[in-house]
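The first chain written gets the first letter, and so on, giving A, B, C and D; residue counts start at 1 in each chain.
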Amino acid sequence: MLIYTLRRIIIMIPILVMISIVVFSLALAMPGDALSGQIDPQNSNPEYIAEMRERLGLNDPVHVQYARWATNILQWDFGRSFNHKMPVTDLIGQRLPNTILLSVMSMIITYILAFFMGRYAGRNPYTIGDYGIQGLNYLMLAIPSFVAAIFAIFFFSFQLGWFPATGSIGSGVTPGTMDYWVSKIRHTALPALVLGALTTASYTQFLRNDIIESAQKDYVRTARAKGTSENQIYNKHILRNSIIPIVTLFGFDIASIIGGSVIIETVFGFPGIGELFVSSINNRDSSVVLAITLMLSVATLIGNLIADLVYGLVDPRIRVE
Amino acid sequence: MIQDTPKKSEHLLEIKDLKKYYPVRGGFFRKKIGDVKAVDSISLELKRGETFGLVGESGCGKSTAGRTITRLFKPTSGKILFEGKDITNYRGSRLRNIRKDIQMVFQDPYASLNPKMMVGSIVSEPLINFGKGSEKSLKDEVLDLLTKVGLPEDAYYKYPHEFSGGQRQRIGIARALALKPKLIVADEPVSALDVSVQSQVLNLLKSLQKEFDLTLLFIAHDLSVVKHMSDRIGVMYLGNLVEVADADEIYQNPKHPYTQALISAIPQPDPRNKSERIILTGDVPSPQNPPTGCPFHPRCPEAMPECSEKRPHLKEVNKEHKVSCLLYE
Amino acid sequence: MKKSLLLLLAMLLSISLLVVACGGEDEEPTDTDTDSSETDVDDTEETTEGDVPQGGTVTYGFTQPFAGVFDWAHYGGQDDSLVLGLMHDTLFSTAEDLMTVPHAADFEISEDGLTVTISIQEGILWHDGNELTAEDMVYTWQVIAHPDYTGDRWSNVEMIVGASDVRSLEEYDPLPVHELEGVNVVDSHTIELQVNDPAPNTISNLWTNPMPSNHYEGIAVADLEDSEEVRRNPVGFGPFKVTNIVPGEMVEMERFDDYWQGPANLDGVVYRVVDGAMGAELVQQGEVDILEIQPGQAVQLEGNEAVQVLDYERLSYSYIGFKLGHWNGEEIVMDNPKFEDVRVRQAFAYAIDREGIINAFSDGYGVVINAPESVISWAYPDESTLTQYDTADRDADVAKANELLDEAGYSERDADGWRLDPDGNPFTVNFMAMSGSDISEPRATYIVQNLQDVGVNAKLQDGQLFEMNLFYDLVEEDHPDIDLFMGAWGLSADPDPTGLWRKSDAWNFPRWYSETSEELIREGLSLDALDPEYRTQVYQEWHQHVNEELPMIPLFSPIGVYAVNANVQNVQPFLSSAVYNPHLWYRTDVE
Amino acid sequence: METLDNQSTQELKKIAKKQSPWAIARRKLFQNKLAMISLAFLVIVTILSFLAPWITPFDPTRVDIMNRNVPPGGDFMLGTDVAGRDIWTLLLYGGRTSLTIGFVCMFLVVSFGTIIGSISGYYGGWVDAVLMRFTDFVMNFPFLVFVIVLASIFREAGIWALIIVISVLGWTGAARVVRSKTMSEKENEYVMAAISIGGSPFKVIRKHLLPNVMTTIIVQATLLLAVMIVAETALSFLGFGVPSGTPSWGNMMQEARQPHVIRSMWWIWVPPAMAITLTILSINFIGEGIKDAFNPKSAR
């Protein structure tokens, strides 16, 4: 397993290099000075642009530029945001905690919802409750995230007034205080709920089917024959076996959470990475766009890696291929 | 048909030292760390018109041998000469062309027929592949073939799943015959069938062999099936050919301890004629780690000390009787 | 000058707050001090210490995360300028008619227009206790002229004698120690400045926002923008001093008791980033006290007692330009025959329903203009001298448009009813507009429809809108597909048309000039124009000329809207923000 | 050898049809009520969308500044939007855009995925290794993020650029599914048999592997159709999709980025939201139905 893990990690290196090349090519295709964010896109004075291009080495051959860009990135220098007037790393550093909070909350919501709904449906298959949960699942699978987000804003924020519709923090709270965190969580709750609910469906379905299947297994019959109580059978024997595969789905989630958060954060005006990404594209803040693209690609790569590794841990056959 | 044969040999097929290994990879860089020796050196010749029975336990590599001989698999080394031409390294269209002469009947009549195709298309496909016959004559030809293998004409528009196993194997045979090949490799054609229909299919094969002037390589896992079919028989063990002789000779005078064991396992119709049954002990070793020396020695009732060290070779003990055993060296 | 005009206000400001990030939107306040302007000191004495309630905090909202560059010479967007307006002050300010007037300093210009004498008021303190002196101002010019300077205010010191020499130094000290030849420090509070050429707008163009030179001591020019002194603990001499910065979210400020105009009424101001889309609600709920909102939201607030809705005319205008030629790299070449006939241009102006556009898409928050100038400028011409292309009678306007087109020879129609040009060839018009807000597309489509309604085969270019930067890239390179384009300009307080209207201006997007226009623009900057009345007269004539020639159809001058908590008094939006005399703000609901 | 006369050939063919695996699947599908209702819904939506010019008298692009934000009822069945356009008209024309893009993208993605997947699965070895590494590589790009970046680079090129960008990044899942199905299908002896009778690789893939992988491809295609429609609408909603003047469900939803529209002008966003959701839901049900119909183990 260790060797397998190491191998997978080493294989990642050339992939990373290739990804960086693709992202770099996108940078070249993007209008303006994408790599450093140093040229003011609103200043079109030809002399200024020519001077800046020369000074920033944008007239160098492509491979030289790539090497410089890659070296900078290895030194954690992603250039400057033109719009935000600060190093991209600082900017992302400001937004990242919000996105992480959102993702973690959405995952917690996913697991909690899936656990209870899946358990109920699995224990009571083919009942009204089960059908209800199944129906809900179908709906959650079908409804696109942005539509769900708008409905959620309409009902929970505007009709019921339970949650704020937008932003990540209320007014007048001082960072670090209790109020601050309460406000933060209240603001994150609705987007996290929408993001989490959408991935819940497949988990619930998985758990339900797994429980139903396990319920017919021999060891469960044996347990039943021995007179173990139904509750014990489900909680001790079945659930424990069915939970493991669910947990392993985690790695695959990273990619879907990334895509989801771009949309959800934009709809909710939630100042995280996804929202920064979309607004930077709109403002042609290319260095930010590139850094985020690269970052999210690496995150996806790592997510796939974790998924593979965890999967390999659970099912040793995978390793041999 | 093929006129370019340099010397018209009496053998239709010659196989020399044929090997088929599968690499085993492992370790950090997925380097090759060993081989599964599915076929570990076999040599044999098939005369025109004869039926050669190839026998061995399951897992001994006989199916692999069959598929390598028909060049469905690429051999690791060795030579395959068909009508004197070396077809070992044929690729692409040259390889496709030898299919006109070498055909195969598969083991599993359920899996070897495409479930999504009607019988008519299945049987006509080889003809279409080689552009033989117009649409009209094609259908006549297929119906003819179906009749010959004993199927009703309305089979033409049916799907494989509507037939029994025996009938399906007939479809497979019709397909193999369509191109009028010179050699058919029948890979355990009846092992998946009910005993009651086995003999029907065997008889069909036998009669078709005469009608079409076929050379037949008949692969089976027990001697009783091949007994009536074959002119000569070869016995395989763990990728190696251990004994080759005329059918009668093998039954009457088996030399190799393994062959003896196989023969003793054939149920005797006459209970009075009771011979002692030789029971083999132990499991068939893994072809990835074959035993040193004679591959059979761990299970051999007559094993000698040197059997674990020295590797026997196929030697002629009688006319037309070869055996690979240190007892006879 | 060019750079001061640089900020094309991309979006049609009245409605675009949502989309435009901090960089693109604000009109360049640097040369006008508009954001921070403090007018005359006259009546402040009584209000500051007199009868108004003291204490309380006010929350000033902004709808985009701020960059956090709290230095006048380096900041880039309105996000930071609002904070600067609260914590900083300036030497001169802009009066209601957009004239530059003395504020923390007095100024005097010599007869020949070549010498400017600046005398800073004594006793003004920075937040760190140092006194504001001439040194601070000199230091600031040296920073901006320095070769390593990272901001874009060069054009505001360019006119100082010797500035160019410093900027082009090959070898230099990383610190701003290189003296400018034309700067002569008379005493600790007086500077005599030599400029290269006389101009009536020297004083409004000149950079007069001093930096705290003691605070910045020892910092290399190249590092200034990212320094802790700018970003973490900025120092100004305005009414409020910064106490806490949460990057991108909030800046807390408290009263600076030694403020030179007297301490502010409020205890402090919190500047915080809020969600613009929720604007009106946030003010209603009292989460934010002062916030610029979209006109659409203002409608919701009508009749709400808890909120005051304050309008102000923004210093910008929108227009539809005709492409009449191209830029050859050095000057304008008027070679595009499509709209050569002035009657066609005028017909288009009649055809386009500007009043309808303002009412429908800006909820009425805009003023129809007939001259390319903001209505608040002293240079905006007398409407009665201009041709009115948008009368109250829409049908008459359309009839007039048809009549003009017929007259110009575009009377023949093809099978689909579209007008043919005088030679009988198809006459198609590509209209290009920016994307950005929810009404960008309907508005552009409506304009196309207006033209179609008078038989002009107009369509949106490529059937779509263009993102702002791309739009301006294409407009600037005179993309051959563009016939008509809808743009907007943010203006500086000085009305000089140079930079946008001269034959030699790359940003003259309609690619139009005339001898009359060139002459008048030159005249407006002549020595004679040092007399404001004469200058006003010159610009009046220039606007009449443009109004007849109509190289662009001026659309409207947008009106901005601030929602302010009813308990907060003395807030008065001006030019581009409500940060205007913040030391006079007070709350009525404090003990 | 006499041949069958024509009439009996026809009859036999009929019998054959009835009993073919396809026929069985079709019968099962027809018996699945939910799938049939969904199919009917989808067909009706498609037909209405494509007949839009004959159904509604309004122009989907004409701005009417006198009738902006009109609530449902009266002249406008579902009201009007911020530009004074009839919502019902936009819904029909928008469906045309969204469904067309969905179908075209799905077709491209499935075709590309099938080609890559079947070649990879059939040949195995280094061909497989190269193609799958490439697939994995493309898979590592977060789909939405890259689509947005590419769409913003090629924005001028219009709808086709959007379709190509979505397709170029969207095929990987299909390729993997087709590959693994091809590999398992390849284990069947009939593939070996097809080779043994002299079929060229192309022919073996096309005639033998693909028909047997087809059920997987069809199921995958329905899933992808839903994904592609969501991708288009989401991109348009974010402003990176269909040009804003072109009616599409995603563009209609774009107006719901204004909170006051969400709050008080529900008629602007609820219809497209429902149209998108119901379309996706019905496509999913159809997909489930097809999956079920092809599953030999399922009853019905």
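Please note the rule applied: a residue touches a chain if its C-beta (ideal position, glycine included) is under 8 Å from a C-beta of that chain, and two chains touch if they have at least 3 such contacts.
Keep in mind that this is a model prediction, so the values were computed, not measured.
A.B. asks: Report the chain closest to the protein's overall CA mean, measuring from each chain's own CA mean.
C.D. replies: A
A.B. asks: Would you mind telling me which chain pair, A-C or C-D, is linked by more contacting C-beta pairs?
C.D. replies: Output for the comparison: A-C.
A.B. asks: Quick one: report the Å distance separating chain B from chain C, using the average Cα coordinate of each chain.
C.D. replies: Taking the mean C-alpha position of each chain, the two centres sit 90 Å apart.
A.B. asks: Chain A to chain B: how many Å between their CA centres?
C.D. replies: 56
A.B. asks: So how far apart, in whole Å, are chain A and chain C when each is placed at the average of its C-alpha atoms?
C.D. replies: Roughly 40 Å separates the two chain centres.
A.B. asks: Could you grab the centroid distance between chain C and chain D? Build each centroid from C-alpha atoms only and quote it in angstrom.
C.D. replies: So the centroids are 49 Å from each other.
A.B. asks: Counting only residues that touch at least two other chains, what does the list for chain C look like?
C.D. replies: Within chain C, residues 277-278, 467, 470 contact more than one other chain.
A.B. asks: Two or more other chains touching the same residue: where does that happen in chain A?
C.D. replies: Residues 31, 165-166, 282 of chain A touch two or more partner chains.
A.B. asks: Chain D touches which residues of chain B in the complex?
C.D. replies: Contacts found on chain B: 67, 70, 72, 96-97, 99-100, 103-104, 106-108, 111-118, 125-126, 129-130, 139-140, 143-144, 147, 153-154, 156-159, 161-162, 172, 175-176, 178-179.
A.B. asks: Which residues, counting only chain C, touch chain D once they are in their complex?
C.D. replies: 18, 277-278, 280-281, 296-297, 300, 353, 356-357, 359-361, 435, 438-446, 449, 460, 462-467, 470
A.B. asks: Using the touch rule from the top, collect the residues of chain A that touch chain D in their complex.
C.D. replies: Where chain A meets chain D, its residues are 15, 18-19, 22, 26, 29-31, 138-139, 141-147, 150-151, 153-154, 158, 165-166, 255, 258-259, 262-263, 266-267, 277-278, 281-282, 289, 292-293, 296-297, 299-301, 304.
A.B. asks: So in the complex, the part of chain A that touches chain C is made up of which residues?
C.D. replies: Per the stated touch rule, the residues are 31-32, 40-46, 82-87, 90, 94-95, 165-167, 169-172, 175, 269, 271, 279, 282-285.
A.B. asks: Show me the residue ranges of chain D that touch chain A in the complex, using the header's touch definition.
C.D. replies: 136-137, 139-146, 148-150, 152-153, 226, 230, 233-234, 237-240, 253, 256-257, 259, 262-263, 266, 269, 273, 276-277, 280-281, 284-285
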